[in-house]
Amino acid sequence: MPRIPTAAAGPPASLADVTASDGALRRFLHGLPGVDPVGLEARAAALGTRSIKTTAKAYALDLAVSMIDLTTLEGSDTPGKVRSLCAKARTPDPTDRTTPEVAAVCVYPDLAAVAAEALAGSGVKVASVATAFPSGRAALEVKLADTRAALAAGADEIDMVIDRGAFLAGRYLEVYEQIRAVRQAAAGARLKVIFETGELSTYDNIRRASWLGMLAGADFIKTSTGKVGVNATPANTLVLLEAVRDYRAATGVQVGVKPAGGIRTAKDAVKFLVLVNETAGDDWLDNRWFRFGASSLLNDLLMQRQKLRTGRYSGPDYVTVD
Amino acid sequence: MTAEHKLFAYAPAPESRSVVDIAPSYGLFVDGEFTEAADGKVFKSVAPATEEVLSEVARAGEADVERAVAAARRAFTSWSALPGAERGKYLFRIARIIQERSRELAVLETLDNGKPIRETRDADLPLVAAHFFYYAGWADKLGYAGFGPDPKPLGVAGQVIPWNFPLLMLAWKIAPALACGNTVVLKPAETTPLSALFFADICRQAGLPRGVVNILPGYGDAGAALVAHPDVDKVAFTGSTAVGKEIARSVAGTDKRLTLELGGKGANIVFDDAPVDQAVEGIVGGIFFNQGQVCCAGSRLLVQESVADEVLDALKRRLATLRLGDPLDKNTDIGAINSAEQLARITELADAGDAEGAQRWTAPCELPDSGYWFAPTLFTGVTQAHRVAREEIFGPVLSVLTFRTPAEAVAKANNTPYGLSAGVWTEKGSRILAMADRLRAGVVWANTFNKFDPTSPFGGYKESGFGREGGRHGLEAYLR
Amino acid sequence: MTQADARLSVLKTYKLYVGGKFPRSESGRVYEVTDAKGRWLANAPRASRKDARDAVVAARKAVAGWSGATAYNRGQVLYRVAEMLQGRREQYVAEVADAEGLSKAKSAAQVDAAIDRWVWYAGWTDKVAQVAGGGNPVAGPYFNISAPEPTGVVAVVAPQESALLGLVSVLAPVIATGNAAVVVAAEERPLPALSLAEVLATSDVPGGVVNVLSGRTAEIAPTLAAHQDVNAIDLTGADAELARELEVAAADNLKRVLRPRQPYDWTADPGTGRLTAFLETKTVWHPTGSLGVSGSAY
């Protein structure tokens, strides 16, 4: 297995000088190959026409369930809501104990302790958003405090947002330093870096952000918060997958990918797994390296599992609402 | 990586063969009727993926050409006199019926040709229907096409098409001919006659007057007889450059109008500032679409030396994901080679690549036991002097050459008797335009490749032929 | 006989026009050119196969510069030809009268029409691309445009009867669009063509863009028709049998062929047919796509 980057991991030696200055970092990021949007979207769409049947579908549905970061990120979240979600995470389908548990439950920092308690003894991780999620518009000190609070409450994984304003203003080194700071604050936890691809707007920007995040020590790069108009799409996820593939080829370091927001059906999830399979490859077909940030997706996956098992279509009354 | 070791091995996902009902035998389609050949000859059409005989088809001879041309001539009087709007409505009907029957036709085409169902379903059939739809709309607007206020049809068109896109090439030939008021006698290729015969049935469903479309399955002798027939006013041919030259000689000194869509050795040029991931997709689509059996294939990759290693590594990695096998499987990327003869030609040229010292790399994939197959193949270390860089292979074989400067790329790209297609990959807008300007090719795809549309004229420079098919330009070949 | 009549006039030596220069035939051969009544007019060079080859080389060299010139510039140059021809009108009236056996008035009409034809084609240089090309509304996120381009080197078998107007009518459309031409002048009436070369040489037409060969059509034209570096051939001045032979030879490298269609009326509206006969259509695709990431999902 490739080694997992830790808090100590900065850019690998081969790329150390690219973060030496704002100018060097800009030149590096702008020197990455461009992305042609039409070709990219056509490739993503073409992979979406793969036909996944029978045994392959069964494998993909279970894999998808195991990759879910079951998420609730609402102002109205309560301990009760989080506990019920955690129960669902541990036992997604009470009628079928062969159903895998999900990868993690993702909550705001102030509810991380509730989740940690509810998930104790399971394999399900506690993921907490942090760094003034979703806008990221706060002082670095506040973001770091947010991160520490989440960790103190028992979070195993931190989903941070980057400062899109700084990125779009071209202050790449500032974005890099902030990720590094959070990375250090979150030593020992797995760090997911959210770009909010819908706000970065261009695929070129998404590719640059991906490399920026990986250089700064991200364990996962993640498309979006789920809070803006355009969240995870096949095309922007494909850009992330190409980035982690190329980064590993260049450095030997493997980084995970997490599309989040907007993936609601089993059919879509399977197509994302096809993207993973044919872009990054086998090594990413594991919840250590690929996650879905989702909530309603889980029930659709469960209904499809039931269909596959029984041969008849299921309905929403046969899966739990949490 | 072999299939057993893959975590996510796609289970077979075959398209149902039962959507198409192939009769054990088919006749010629002449004057609105299916008939036997005058001399009673037949030939077998074989599924290249399995070598299974699909059907036995009447083989047209000289007498049948005579009969079909006479039928087309008789039909011409009333067909050409029909108001354009009415002719157009027949073509609209045909377009709609093709859309309705597209699944059936896609499966049929995949069986008879060997190409993946993914391509017949997503490329061939939608383009076929679109082509008829496009030219249907021209039928009553010909006076506005820029060929004079009252252009007239030529008469009887003799059309000979290849096996690589059987139904699409039929559409490219028949749709503009009929829209302009001509009648046609069309000879499909001997290895892929079936979709043209299904099209004959569509003509009947559409109520097309008898004799307007005549289909003569057969071999080169039937094609030669058709082209040479004195009552044919227009010859349209798509196929090899060698046969195209023969046809050009045979119509010399006559009044027959001629358009030729022939071979190619397209250069796909990748600069160091290219969008690499999309360029790799374009290279793959450029040479492995339809197993490379495409006249406009990007069969020469010209990659800037400074990024050659990077691009080749990415290309090989991508080629390893191509899925070769059952063409009816919806996940198949690479189907069968169309015939044993074609496979032998590809094999011979690839062997010449080895013999001349180029380095062969073959995508890791298992070939089925029966049928005609050739694994996706690259040759590196190729120079302009190699046969694999000069001759059209018409198969899934890519020759890789390098260049240093844009001027060198243009010089190498143009250094061929062909001139059908070229590709340019760079993020620099002015370079795209400068390259497009200097490449001697009828179609230049910049930051894309192998795109087709009924509105977009297609055809070659130099020995790739003359005349254009598609778009307003495509009308010119059928009007005077 | 007066004193003035006693002066011996200076005869003109006619030469080929190749690559902007006026060489004799490399073969050293000439043939007698007579007027319509059979009276000797001059000796014309009788070009050889090698002269034809040299002319093709010269034409090929000229293609890049001429086709790369702006259409506006080509229009200016063609108009300049008209101006120069106008200035030497009387000379051509006399030459055409001699060559074609016309009255002075009829000959003048031919010359005037020839001048006007240069003006007509001068105006076409920067319009033909708009008439023959344009955008194509493809069903996808692509910019797609078709534009005409010159085919390259065009061999022109000039009309045998109409030594100037016919010649200009076939030559001007070939070069208006950026091709380079190798002209086989009317066999028995080559002098106006050879004189026209003198106008071209002084009208800013770059050397090699037009090359004029006089001699036996049946000797020169087959060399051009079979030449692998000639892209197209205009058979206007070939009789039916020669035209067939030339078309067969032209098939070897799939030259674009403009067949003869007798009879010709050189005073009629020329239309655009001769302009478009020697054009290739190039179609260029480029993705357009969205400005930013789209919301499209599966």
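Residue numbering begins at 1 within each chain, and the chains themselves are lettered A, B and C in the order written.
The working rule: contacts are C-beta pairs under 8 Å (C-beta built on N, C-alpha and C of every residue); 3 or more make two chains touch, one makes a residue touch a chain.
The model shown is predicted, which means the values in this text are computed figures rather than measured ones.
Visitor: Please state whether A-B or A-C has more C-beta contact pairs across its interface.
Guide: A-B
Visitor: Look at all chain centres (mean of CA atoms) and spot the one farthest from the centre of chain A.
Guide: If we average the C-alpha coordinates per chain, C ends up farthest from chain A.
Visitor: With centres defined as the mean C-alpha position, give me the chain B-chain C separation in Å.
Guide: Centres of chain B and chain C (C-alpha means) sit 36 Å apart.
Visitor: State, to the nearest whole Å, the distance from the C-alpha centre of chain A to the C-alpha centre of chain B.
Guide: Distance between chain centres: 44 Å.
Visitor: I'd like the Å distance between the centres of chain A and chain C, where a centre is the mean of that chain's Cα atoms.
Guide: 68
Visitor: Of all the residues in chain A, which ones touch at least 2 other chains?
Guide: 36, 38-39 - these are the residues of chain A that touch more than one other chain.
Visitor: Among the residues of chain B, which ones contact at least 2 other chains?
Guide: 447-448
Visitor: Touching two or more other chains, which residues of chain C qualify?
Guide: 142, 287
Visitor: Enumerate the contact residues on chain B facing chain A in the complex.
Guide: Per the touch definition, chain B meets chain A at residues 1, 6-13, 118, 122, 273-278, 281-282, 321, 330-331, 427, 447-448.
Visitor: What part of chain A is in contact with chain B in the complex they form?
Guide: 33-36, 38-40, 42-43, 49-57, 59-60, 63, 242, 273-274, 277-278, 282, 285
Visitor: In the complex formed with chain C, which residues of chain A make contact?
Guide: That would be residues 36-39, 41, 48, 197-198, 200-203, 206, 229-230, 233-236, 262-263, 267-268, 271 of chain A.
Visitor: What does chain B use to touch chain C in their complex?
Guide: Interface residues on the chain B side: 130, 146, 241, 244-246, 248-249, 252-253, 255, 260, 262, 417, 432, 436, 441-448, 451, 453, 455-459, 461-463, 465-466, 468, 471-473.
Visitor: Over in the complex, which chain C residues touch chain B? Could you list them?
Guide: On the chain C side, the touching residues are 131-132, 134, 136-140, 142, 144, 146, 151, 231, 240, 243-244, 247-248, 250-254, 256, 259, 280-287.
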